[in-house]
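Each of the next two complexes has subunit A plus one more chain, namely subunit B in the first and subunit C in the second.
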Partner chain A sequence: MSTLQPDWRKRFSQLRAVVTIEMRRYFFTRQALAIYLLALAPVVIIGLHAITSPLGRHCNIAEDTEILAGIIQLFYVHLGIFFGCLILFTWLFRGEIVQRSLHYYLLAPLRREIIVLGKFIAGAVTTSIIFCVAVSLSFIFMYGHFGPKGQQFVFDGPGLHHLGAYLVITVLACFGYGAIFLALSLIFRNPVIPGAFFFGWETISSVLPATLQKFSITFYLKNLAPVELSGKGLLSVFTVVAQPVSEFIAIPGFFLFIGLALYFACWRMRTIEISYAKD
Partner chain B sequence: MADTNREIVFNNVSKFYGEVLGVNRVSLTIPPGITSLVGPNGSGKTTLMNLMTGLIRPTEGTLSVCGLGPDQPEEFFAMVGYCSQFDSFPRGITGFDLVYNGLMLHGYEYEKAYRLAMEAIDRAGLVQAAHRKVAGYSKGMRQRIRLASAIAHHPTILVLDEPLNGLDPMARAETIALFQSIAQEGLHVIVSSHILHEVDQISDQVILLSSGYVVAEGPIHDVRTDVTDHPMQIMVRCSDPALLASKIFAMNHAVEAKLHTDGKGLLVRTRDVNNFYLLLNQIVESGALELEAVAPADDDVNSVYQYLIGSEGNSI
Partner chain C sequence: MAIYKRLYRPYAGRYTGHRFRFWVITKSALRTLFDSRFLLAFFVACNIPFVIFLLIIYITNNAAAQALLQMKGSPILIDNFFFLRYLIFQSTLSFLITAWVGPGLVSVDLSNDALPLYLARPLTRTEYLLGKFGVIFMLTSAITWVPGLMLLGLESSLGPIGWFQRYYWLFGSMFIGSLLWIAVIGLLSLTLSAWVKWRIVATGAMLGIFFALAGFGEALNQVLRTNWGHVLNLGYDINLAWFNLFRMDSVTGPYNKPAIGRLMELPSWAGWVSLSLLCAFCLLMLNKKLKAREVVR
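Coming up: the complex of A and B.
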């Protein structure tokens, strides 16, 4: 502790304060409710599947592994986490303006960058927790219902590695989408249109030239996927990696992406004025 | 030079909200002590205070508060406490959490934040209600919790937007006593009000605002003589303006009057408005004529002065 400059130590406690204050709010908002629904829908479906097919009576591990990979890469990454983050992160500052409470932050003796960073961390941790729990539950239900065979796949086979990769993808997706939506919410009043645009971009980016693809979140996440989906027809748009890059490029590239979005958000935040005008 | 570090300086500051004028070409130097910003609704009091605390930025001009600006938030807001006019709070928060969270943002340890929060809440007289949700507070209690939140970190510059609004007489007296004790320590207290009478007793200096302009500033005594030196115009509409004019001249020579061109009104100029109103009442009570309307005839400085200062000792 003593090696830190006093100034930085103070900033760190301020950041911690922002994160604590924010996180206490998120789990019980209307926004969080929508996120729970998004996150748990596949869990319910897989749970039903597990009940109707005890001990893998009507299915096999290879098939279900691919289905799980599809649920995570297609549903969670493309829809669930995307819209979950859209809901939560565009509300971080918008909500404070609508509720007319942003000035409590702006009048505190902390740099505005810390407000942005604190809110971002709180939001990313919240969505990560919710979606990691959901992904883990999906995983447990999926392999649990195979009984000993499933246990073997998880502990002696590639199962744990898959779970680890899925959790990493989930967390990265929360941080990545979160940063983008946070930045977008500081430019646009209404996040729906830029959100739809961004959704379209993430969807079509796979068929764009390789350089352009690097400007999408899903590009980096696809490179981390542990199971390759045998994309058929239209779905292949989401799953085929045109020009794979290694994890050592995917992860730093991804953080660069997040860094740029946050830098932009901080820059907007520094010049923001309170107006609370009627929308 | 050392003094500029104790003053709040506005240098030709203008603020426009799009097309709408907030304040225009304000140049002010505010020394320590209690300063009142007084003006009717929409005159720019809140705009000046928001500018001072960096919630909004000037369209033109510069300002500094004791040598610092809101661009250095870490030092600036450690010494500034602002009780804004926004009567709004983070959703679902309790009074205690509002004050405590604010202190945590200073980077204080838990114990210190807790102690300062309880101290401020005690000063605001809200200990009983501290752990209740602010949403359930009365207007006066909300005002007080915001005050507590503004003073909790012991600021040396306290900016308060209509702090007496909604307070009962007891709380008013206590709040005023609080300002005075802070000002006695040589600190800044900037208070706004739309009633001069409410704050002129406690103020060391007064700034009068009207429609975004500073119309007078200085020690309260100077401002008041300024006002009484200016004659004031009043338009009286009545059934028989000529009769009214003759009656007025008969009773008071300090009044000038001329008939309005449409023949239904009388334009009166006087330095002693209170006396004129008394006179007018007597004439009306005698039943000689019927009154339709009485209003300040011009929108200039004088009528604002009258509005603000005329309330003193009278009704409103």
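Coming up: the complex of A and C.
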């Protein structure tokens, strides 16, 4: 009877092995270069701003706080992390198929669900680390150049709370987009095209009815943002303000969303057959 | 085993003229592409807006149709802004088609080392590139300027007296505006296809260049308090060029605000220059990559 019981310790060690192997690969690939570029581009601009405006000569903290909120909520969450995850997570399985190496994993004596979870965790941790470092650097440059005033804002004011919220948003975005793209890559041969439609959905989600907004990643992340952005542009005219949800609902709701996507990916992986010639 | 003597037998069929050899590549690629039913369906769906615009023009200019629909005159004004909206709409669809088709055009030949096989034949590198570009040109032309000129022709014939004399230049604007867009997206997708080995990555890079670069430009504008970050936004650049071509300065938007006002942050030459630089860069990169050579490992 004991042989039918799942050996969780063995499965956990297998999962850890997959995560370690994969993480080593993701940090130093060509695809990672694009992710570094996406993550660090705003850091360079903010660094330039810090150099050209020492001690806040041409700016003030309130204005820069709103700009940083815009960069994190619009650039990082909507574009940088989105495309970073699109690059990395669609490559987790499609890349192995293109490079004709997926069968090595499939021939190894481990459950396919462990391969999916291991690859997902490795990808999510990699993107989270890269983007969290970038967000932290952006934050440091944005307030560092104000000198004592900036220090006061960070340590005696709401600064650290803002940083914490931004890091939580970044990590959740990496996990959320990652799960979606991982699932898409197991359905479509070229998952980038459905990814483009998903991008369109995320972009217009704010103008959709409140019920439909709950089927987007940005809806949950928006509720966690410490600074509310003032609406600008055409979409703001049609924006439907949905009932905000508390952190205690947003975060578990978000993980439920991720769990469903991963469950689907595991289910799909169980029946997947690879034909390198076809792909 | 029987061994048959095989002698050289030259090709006995009809030769394609020197000038149109690139067409062989285009024709064969198009045939392969349209084997996909999904692409065919999407391509047909791309022309639905054309039918809608056609109906709008017909109803606007036909009193009997208006009476039948119980309309008191048409609420839609058919002017340069109408045709610009058509071009903007169709160019979005043509971008999707190019993002789908373009990245796979050259990468397949490069990853399978098939380029020397092409260039060993009486075909120059320019003709090879022209053949591949022809695929994108044919697909996107069929949904941008060809139906656009048909709409203009219809409006010229059905529209009020003097419409053609007032807007005859729109034929040129529609044609040049579409060609500019096709050149930008076509060259960009071919460059990515040549430099990025895998189709998935090339498609992702194409979307990334359009959207992430626009976001980066906007961040640049906000942080450095400038407007020049817009030049990184290819959509903004093409709009600058189109607004210039469609003479949008003369059209007023809602609440009597000039429609051009939204884009007045940069002069129109900035759009033309950045698009030209992008095309030149793409050609340079293609010239560097598309060489018949064998890599011996």
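Simple rule for what comes next: the second predicted complex is superposed on the first by the 262 of 279 C-alpha atoms of A that agree within 3 Å, B and C clash if a C-alpha of one lies under 4 Å from a C-alpha of the other, contacts with A are read in each partner's own complex, and residues count from 1 in each chain.
Just so it is clear, a contact is a pair of C-beta atoms (placed from the backbone, for glycine too) under 8 Å apart; a residue touches a chain by one contact, two chains touch by 3 or more.
In this text, all values refer to a predicted model and were calculated from it rather than measured experimentally.
Of the two partner chains placed by superposition, A:168 touches none, neither subunit B nor subunit C. Touch criterion not met for A:129: it reaches neither subunit B nor subunit C.
By the touch criterion stated above, A:23 is placed in contact with neither subunit B nor subunit C. Applying the stated contact rule after C-alpha superposition, one finds that A:101 touches subunit B and leaves subunit C untouched. Using the contact criterion defined above for the overlaid structures, shared-chain residue A:227 touches neither subunit B nor subunit C, since it reaches no partner.
Of the two partner chains, subunit B is the only one that A:110 touches; subunit C does not reach it.
Looking at subunit A, you'll find no residue that touches subunit B in one structure and subunit C in the other. Touching subunit C in their complex are the following residues of subunit A: 31, 34, 38, 41-42, 45-46, 48-49, 52, 58-59, 67, 70-71, 74-75, 78-80, 83, 86-87, 90-91, 94-95, 98, 190-193, 195-196, 199.
Residue ranges of subunit C in contact with subunit A, taken from their complex: 96, 99-100, 198-201, 203-205, 207-208, 211-212, 215-216, 218-220, 222-225. On subunit A, the positions that touch subunit B within their shared complex are 7, 10-11, 13-14, 17-18, 20-21, 25, 96, 99-101, 103-112, 271, 273-276.
Per the touch definition, subunit B reaches subunit A in the complex via residues 17, 50, 53-57, 73-78, 80, 82, 84, 86, 88-92, 98, 101-102, 104-108, 149.
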